[in-house]
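Chain lettering (A, B and C) follows the sequence in which the chains are written, and residue indices restart at 1 in each chain.
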Amino acid sequence: MAREQARIDVRKTYKLYVGGAFPRSESGYSYEVHDSKGGFLANASLASRKDARDAVVAARKAQSGWAGRTAYNRGQVLYRVAEIIEDRRPQFVAAVRSSEGLSASRAEAVVDATVDRLVWYAGWADKLTQVVGNANPVAGPFFNLSTPEPTGVVAVLAPQGSSLLGLVSTIAPAIVTGNTVVVVSSYARPLPAVTLGEALATSDVPGGVVNILTGDALSVGPWLASHMDVNAIDLGGLAGVDGGAEAAVAMQVAAADNLKRVRRAPATEPDWTREPGLDAMTDFLEIKTVWHPMGV
Amino acid sequence: MGIDFDYAPAPESTGIVDIRQSYGLFVDGRFRDGHGTPFKTVNPATEEVLAEVAEADASDVDAAVRAARSAYEKVWSRMPGAERAKYLFRIARIIQERGRELAVLESIDNGKPIREARDVDVPTVAAHFFYYAGWADKLKHSGYGETPLGVAGQVIPWNFPLLMLAWKVAPALACGNTVVLKPAETTPLTALLFAEICQQADLPPGVVNIVTGAGATGQAIVDHQGVDKIAFTGSTGVGKAIARSVAGTDKRVTLELGGKAANIVFDDAPVDQAVEGVVTGIFFNQGHVCCAGSRLLVQESIADEFLDRLKRRMATLRVGDPLDKNTDVGAINSAAQLARITELTEAGEAEGAGRWSPECELPSRGFWFPPTLFTEVSTAHRIAREEIFGPVLSVLTFRTPDEAVAKANNTPYGLSAGVWTEKGSRILAMAGQLRAGVVWANTFNKFDPTSPFGGYKESGFGREGGRHGLAAYLEGGR
Amino acid sequence: MTAPTIDPAAGTAAGADLDGVTRDEASLRRFLHGLPGVDQVGADARAATLSTRSIKTTAKAQAIDLAIGMVDLTTLEGQDTPGKVRALASKAMRPDPSDPTCPATAAVCVYPDLVGVAKQTLGASGVHVAAVATAFPSGRASREIKLADTRDAVAAGADEIDMVIDRGAFLSGRYLHVFEEIVAVKEACGPAHLKVILETGELVTYDAVRRASWLAMMAGAHFIKTSTGKVQPAATLPVTMLMLEAVRDFRAATGTQVGVKPAGGIRTTKDAIKFLVTVNEVAGSDWLDPDWFRFGASTLLNDLLLQRQKMQTGRYSGPDYVTVD
C-alpha cells in the first residue's frame, strides 16, 4: 500500500503591523524563524530603518487621539485585548510553545500570565493619575495640580527571551497611559509578537497605537534611538544580547540628541512573572503642573 | 497738567556684605585652595571685579567627591531623618536671618534687581529648605522609598544662583545624599556664602561641598566615577552632552534645560492682568529665565490693542542700577550673554521683524539691554525658535485655539506655557493640550517649593520641587 | 502746584455715549459685561508690587506736598457742628500754621447742611467745598429727595458734589436706573463738579468695580470715588488701581479725562505715597494733579504734615506740633 503523501503545508511569511495594517517590509527582506530545536517555523519580515520610520509616523499620528481618550476607555480597550488573547488561547499557546520551546502546560501558564498582566495594566488606566499625581499646597491664592501625561511616542526594544509575557509587559505599561509605541520584537522569537499584532488588529486598539516590527534590535534600534520624533526608548531588549551592552551605550548617546527618556537595559532579562512595579509606566510619563489663581 | 514724579535714587545699602578678595573651594567643611587657575567674578552692572575665585581641577573635584562619599557613608546616610531635618531647618532659618545680606550679594554678583532678589529669590530659597527639611523624616510616605542614591553632583546656572542651589541641595540632603555642587563661574559668591552658612549650622563636613570653576570643572563632576547622580540646570546643549556622558553608567540624571514658552492671550483675557503677566513673563530677571514667556501668542482680534497696552506698560519699566529698590530690570549677567542677545535681536531685525523698545537711558558701564519686543514675527524666525535668554519678547498672532496650541507646541522645548482667558473650560482644554511641564493659567512665573517644576522634550527630564522632586534623589524614584 | 480749578466746559456734556450703549438696558448691560474681566489675584499682586516702590528724599518731599494739595479734608459725623467745620476749613487753607509754604488742601468735604458754614470760612481761598449728597451714605431715598439734597448743597455754595450710586439697583442688574440717576444728579449739580461714589466695599468683586466705573463715567462723572468711608473695606490700593485703569481706558476711548478719589482708610503718608505711585504708573502723570486725583481723608493730613516737618528739620515731629481736628 502506497503511503499516502503528506500534505504540503502553506508556509507563511508574516508581515509587520504598522498603523493598523500589515505591510511587508519596505526592504523586501524576510528571515527564517526556527523553533527551539532548529526546525523551520515561518518567515518573518525583517524590518528596515524605513519600516521604523513609517512606524514612527503611524505612532505619532495615533498618539494625540489615543491620549485624548478617557482613561476609562483606554482601560476598557486594554481589557478587551486580554479577552481576545483569552479567546485565541490555543494560537498564543502554540506560538509561545514553538518559540520558547516550552511544554504545553508551561506555555499555557505564560499565556495565562500574559492575560493577567494585561488585565492588571488595564486597571491602572484610571488609577495611576491618582497615585502619582497630587495637589500642591502652594503659599498663595492658587489652585495647583500635578498630573501625569504620556511622554508621546515610545520605541520599545522588546525582550529577546520572553516573547509574549515580556513583550506584553513592556507594551502595556507604555500604552495604558496614552503613549503609542513602535516595538521591535524578539529577533529569534517573533511569532508571539506577530500573533499579538493579529489580535490587536481585531481589537479596539486604534491603528498606530501599537506598531510591531519583527527583526533585529541591533540594526533597527539605532534608527529609533536617533529618531528626533521619538520621545522615549526602552532598551530592555538589549539585555543578554551579544554586543547588547555596547549597542545600548551607543543608542543612549544617540537618544541624547533630542533628550529621549531612556529606560536602560538591565544586565540580564528580568523574571517577567513577578508582579511589576509602577516604573514601567512612570518612566514614560511627564508630570505637568497647572497653576490657576483663586479669586472672585 | 500733572507733575513729573521722578523717583529719587533709593539705593540698598551694601554695608551688610563683606566680599573677600579671594575665595577658595569648600571641601570637607573647610575652605581650601584650588589647583586650577583662579578666575575673577565681576559686577555686571559696573564691570568691576568683585573677587578672585579658585578654580577646581579634576583633583579638587576628586577630593570633593571623596569627602562627600565619606560623609555619606559615615554620617549622613546613617543619620535618622529627623536629625537631618533639623540641620535643614537650621540652614533655612539662617538664610532668613541673613536674607538681606544674601539678597544684596546676589544682586551685586548677578545683576538682578534687589527688589527681586529680596522679594523672590531669597524668600523662596528659605522656603525650599523649610519644605524639604520636613520631608527628611517622612520619606517612607513619599512613594519613592527611603533609600538615598549616594553622592550627587550638581551643576547650576547663573540666572538664579542661590535659588538653583536650594532646588538642588535641599531635596538631596533631605533624602540622605551628600552633594558636590558647582555654581556658575559668573555667579559663585552666594554659593560660597552658603558654604559659610553650612559651617554656621555645624553641618557635618563633607555633606555639602562647593567647587567653583567653569565648564571643565562641571565636566569633571559629571565624569567622576564616584558620583551616583547628576543634577544639572543650564543650557540644552550642555544637557545633551551630559546625557551622552552618562551613557553606559549607572548614574541617575535629572536635567532642567532651556525653553521657549508661549504666553497665549485670548480675546476674552483679563487684559490688564494679561499685560502684567506678559511683562512678568519676559522681563522678570532680565528674561534670564528658562521658563520665560518669550513668545507672546495673542489672538488677532485684540492684537493691536493689546500691543498698545503692552508698550505703555513697558514704558514704565525702570531699567538701571540693580541695587536701586525701584529698579525693575537690572543688568545682563555677562558680556557673553549680552553678545548673544545682541546677535539674536540683530537676526530678528534682519529677518524682517519689527523691533521696539521704550525710551530708556542705559548706564554707560556694565552690560545692559533694554526691554524689547518684536512684532510681525513668524514661526520661522530665529527669534521665535531659539532661546534668547534676555529681555526680548517675540509677538506672534493666532486666530483659533487649535492654531494657538499648534504654534505653542511647535518647538523642541517644553518647559512652560501661559494661557490667558476668562473661560474656565477653555483653560483646562488648553492646559491639557500644551506640551509643557508647567502651565500657568491667568498667571505666569510663579514658583513654590511644593510645586514640581521641569520640562517635556528638550527642556529636560525630572522634576524639582514638591513631592515629585524627591524622586530625583531616592532609589525608588525612577 | 496748581490750585484746583473747575473748567466749566469740561465734562458738562452728558459723558460719553459710546455709540448709544446707554440707549437701553440691554445695550448697557451688554457693554458693561463686555468689558475685560479682572483677575482678582493678578490685580492684587500688581498693586502689591507697586506698593514696594521706595520713594525717598526729594521725591518724597514732592509727593507729600502733592498729597496735601489733593486732600479733601473730610468730616462726616452726626456730631459735626459749625464750630468743627470752621476749624476744619481753617486747617484746610493753612494746614501747617508754622509754615506758610505748606500747600492748602483741595477741599473740605462736609454734609450739605454745613456747606454754608464751610463756604463762609473758605471764601475765595481757592479751597473748594465738597458736599456729600443723595442720601449719603446709603443712598436709600427717592430720586426726588436725592435731587433736592443735591440742589440744596449747590445752592448753599458747594463746588463739588459727592453722590452715592444705588448699589442695590447696580447689584440687581438695573444698570440703566443707576445711569439715569447719575445723569439726573449731574444735571442738578449745575456748575458744581460731580464725584460718583461707587462704594466698592459693597460691590465686592473687581469686575463689578470696573463696570460701575464705566457706568459712572458714561453718565458724566467728573470723578469716580471709591467709598463713603462708612463701609469696610474702603479705599484699597487694588480697587483704586482698577479705577485708575478705568479712567485711563476711558480717556483713550472717548478723549474725556475723569478723576479718581480714593476715600476712607488712607491714614499714613506711606499709604498716600503708594497711591501716588499707582497713579503715576497706571494712569500716568496727567493724573498727578488735584484736579484729577484726590484723597478723601481726615487723619491723613496730620501724618503728611508730621512727615513734612521731618523732611524739613531732619528730626521726628510729634502730635503736639500739628493741630487737633
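As a convention for this text, contacts are C-beta pairs under 8 Å (C-beta built on N, C-alpha and C of every residue); 3 or more make two chains touch, one makes a residue touch a chain.
All of these numbers come straight from a predicted model, not from anything done at the bench.
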Open item on the list: Testing understanding: with touching defined as stated, what is the shape of the graph linking the protein chains, line, ring, star, complete or other?
Closed with: complete
Task: Central subunit by CA centre of mass proxy - done: B
- [ ] Could you see whether A-B or A-C has the larger number of C-beta contact pairs?
- [x] A-B
Open item on the list: Centre to centre, using CA atoms, which chain is the farthest one from chain A?
Closed with: C
TODO: Could you give the separation in Å between the centres of chain B and chain C, each centre being the mean of its C-alpha atoms?
DONE: 44
Open item on the list: As a quick test, compute the distance in whole Å between the mean CA positions of chain A and chain B.
Closed with: 38
Open item on the list: Suppose each chain is reduced to the average of its Cα coordinates; what separation in Å results between chain A and chain C?
Closed with: 70
TODO: Two or more other chains in contact with one residue: find those residues in chain B.
DONE: 442-443
Task: Two or more partner chains touched - positions in chain A - done: 140, 142, 293
- [ ] Give me the residues of chain C that touch two or more other chains.
- [x] 39, 41-42
Task: Residues of chain C defined as touching chain A within the complex - done: 39-42, 44, 204-206
Task: Contacting residues of chain B [partner chain C, same complex] - done: 1-10, 115, 119, 268-273, 276-277, 316, 325-326, 422, 442-443
Open item on the list: Touching residues of chain B toward chain A in the complex: what are they?
Closed with: 127, 143, 236, 239-241, 243-244, 246-248, 255, 257, 412, 427, 431, 436-443, 446, 448, 450-454, 456-458, 460-461, 463, 466-468, 478
Open item on the list: List the residues on chain A that touch chain B in their complex, please.
Closed with: 131-132, 134, 136-140, 142, 144, 146, 151, 231, 245, 248-250, 252-253, 255-259, 261, 279, 282-283, 286-293
- [ ] Please give the residue numbers of chain A that touch chain C in the complex, ascending.
- [x] 140-142, 293-296
